[in-house]
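For reference, the structure is listed below as structure tokens.
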Amino acid sequence: MIFYPVLFALIATMALALARALLGPSLYDRVLAVNMFGTKTVLFLAVTAFMLGRPDFLDLALAYAAINFIGVLAVLQFFQSREIRQRYERQGR
Amino acid sequence: MRALGLFLVFALVWLLLSGLMKPLVLGLGVVSCLLCVWLASRMHRVEEDAGPALRPLHLLAYLPWLLKEVVLANLQVMRVVLSPRMALDPVLFRLRATQRSQLCKVIYGNSITLTPGTLTLDVDGETMLVHALERAGAEALRSGEMDRRASALEASA
Amino acid sequence: MASVIDMISFALLAAGGFCVFVGGVGVLRLPDLYTRMHAASITDTAGPLLVLAGLALQAGWSLALFKLAVILVFLAVTAPTAAYALGNAALVSGYRPAVVSDESGATDSEGEGHA
Amino acid sequence: MTLIFGVFLLILLVIVALAIVRSEDLFAAVMLSGIFSLLMAVNFFLLDAADVALTEAAVGAGVATVLFLGALALTGKEEARHTVSPGGRWLALGVSFATASLLFYASLENPHIGDGSAPVHQHVAPWYLANTLPLIDIPNVVTAVLGSFRGFDTLGEVFVVFTAGIGVMSILGVRHSLVELSGAELDARQRSLRHHLIPRIVGRGMVPLIMLFALYVQFHGEYSPGGGFQAGAIAAAAIILYSLLEGDDRGRELLPEWLLRLMVAGGALLYGGVGLACVLLGGNFLDYSVLATVPSAGQHLGLLLIELGVGITVTGVLISVFHAFARRASR
């Protein structure tokens, strides 16, 4: 019972992050929304593990906490190499 | 020496994660820890500079101070977000980082980001590019207290 | 005794939920990417801190307590790193902040404006 | 109450799915599919399917976004415009609507969530639940079903992963050293996150820890959620993280390609080999009871080995696919 308020808050925040992901306007806002969504998921899974009475299921939250940031690093690398290519193209012209 | 230390840390993490004391699982744990030590040593073969080491005891003193800063900064940013007319005055500025070791510079940069209201955008040698939500946050960073405390984490070589 | 712990735990969890929600509102309300990242930072620091502390009281002295601590450490280490990566990606691609007094000259140097 | 949370999350899921389909900006679609995956994991978890949720977590959070971005770097950022005649559009709408109505109609006949009298709970499920402990002697029924009772299905899955890996490598992994690289391509290819201090130092610390966690998941599949598939994806995420930070070439130094190929084939071979060993020892294919003098000990050994095979193959395939994309990414 004591877990309901926090779960409601988390789901509401997920909806807000989703709104940001849909609204954009820039690509980076969408990345921000996904990243935020990931943290909320970690917390949601952790709280749910206790609500279901299975604290050993915390492994899931742990997995997310450990590898969720890899996606954002891939985003940085994506934009970086795109920028390099565009700079070369500008010089080429 | 370094490998042994890593192995002990990994073994401790494994035991606390697993909590199973069956011989088979413990044996697999030893194998897993050895595998991770091997991986870590392969990674560090290409390490260029290590820099002065981190002082663990100072870290213990640093963390509570950081916690206090994080809580205060959180309250500040929440106040901004909830105020009906958000009077924003964001600043983008460069900041000197006096840490010599890479690790301590990272700790400093991430501490700046961890306190809401300030955000490290780039690290370029001695300077960091920081975005602050309010001018007050920028002034607090410029006063250099966090920089000093992060530098104190380094062993004086 | 147990009920006192439950009540403290409840208070921590609810406070954490509140912080997370305020951060979410901030991400929706604030005007540009960098300012929104400050709001997201609330949900990455105060939120997990309070929620995981509340759960820790529920866990008591068990292995779950260690896992909660590891989750908190991982979040504390990776969240600012992800924020750096995102901010830097925007910077590299020449994203201009909406309102800012620029005292660094970083956004004028290179790149083109980018929606 | 769980039902309300579940319904709310499913509504969010539908919104995300519609947005993915509607979006013409492929980058936005990739990011939204990240959210889709997170929502799926939470939903699986609420339905008590922790093992599935962990798979979704490992693949969706660590690997999928990276691979999607790799694919995006190969193609364009915008979805290609394809022209459909109005008649074709109406036909497509009609077919979709008919299929959806049929599915909806069929779902009316479905048992309710958690209904104890549902057919699935009458036939094999009770048998699995009753016999996992006496026959195999492990607490996690999912692993028992996956590895032993239905070990043959899982063997098939491993070979699907194996085949998929071979397929991607044969399409993308073709060497093109003869192709002349321009300066931009060469530069972009060599670019890594090496000069970014913060991700680099943090990533270096995280890689061994993620790997340790992957091995923990691998070897605890019999006791808690996890097993070969999940562990393989998490381990691959660790190596992919290293490759992102230090550049693809250094990633290939850390785990050389011959080793990866060995892993891709060796894992599947190990799984099949265990099955054959069972036959040679006088049992049925993949009947691990004959592997040791005590049947349950044999089951333990068999499960350990086949999970290891699954983990090795999945790790090898995912890393190989990543390398195949990264090598092509700057073209």
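By written order: A, B, C and D. Residues from 1 in each chain.
The rule we apply is simple: a contact is a pair of C-beta atoms (placed from the backbone, for glycine too) under 8 Å apart; a residue touches a chain by one contact, two chains touch by 3 or more.
If you're wondering where the values come from, they're calculated on a predicted model, not measured in any experiment.
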| item | value |
| --- | --- |
| B-D or A-D, whichever has more C-beta pairs in contact | A-D |
| Per-chain Cα centre nearest the global Cα centre, belonging to chain | A |
| Distance between the centres, which are taken as Cα means, of chain D and chain B, whole angstrom | 31 |
| Intercentroid distance (Cα basis), chain D paired with chain A, Å | 19 |
| Distance between chain centroids, defined by C-alpha means - chain A, chain C (Å) | 11 |
| Touching two or more other chains - residues of chain A | 7, 17, 31, 33, 56, 59, 62, 66, 68, 73, 75-76, 78, 80, 82 |
| Junction residues of chain D - those touching two or more other chains | 196, 198-199, 202-203, 206, 209, 213 |
| Sites on chain B at which at least two other chains make contact | 13, 17, 109-110, 120 |
| Chains grouped in pairs wherever the two touch, ordered by label | A-C, A-D, B-C, B-D, C-D |
| Touching residues (chain side chain D, partner chain C) in the complex | 196, 198-199, 202-203, 205-206 |
| Chain C residues within the chain B interface of the complex | 19, 22-23, 25-26, 29-31, 34-35, 37-39, 41-42, 45-46, 49, 63, 66-67, 70, 76-77, 79-81, 83-84, 87-88, 91, 97, 99-104, 106-107 |
| Residues of chain B touching chain D in the complex | 6, 10, 13-14, 17-18, 20, 24-25, 28-29, 32-33, 35-37, 39-40, 42-44, 46, 102-103, 105-106, 109-110, 120, 123 |
| Chain A to chain C touching residues, read off their complex | 2-3, 5-10, 12-13, 16-17, 19-20, 25-26, 28-29, 31-33, 35-36, 39-40, 42-43, 46-47, 50, 55-56, 58-59, 61-62, 65-66, 68-69, 72-73, 75-76, 78-80, 82-83 |
| Complex contacts: residues of chain B adjacent to chain C | 13, 16-17, 19, 70-71, 74, 77-78, 80-82, 86, 88-94, 109-111, 113-122, 129, 131, 133, 135 |
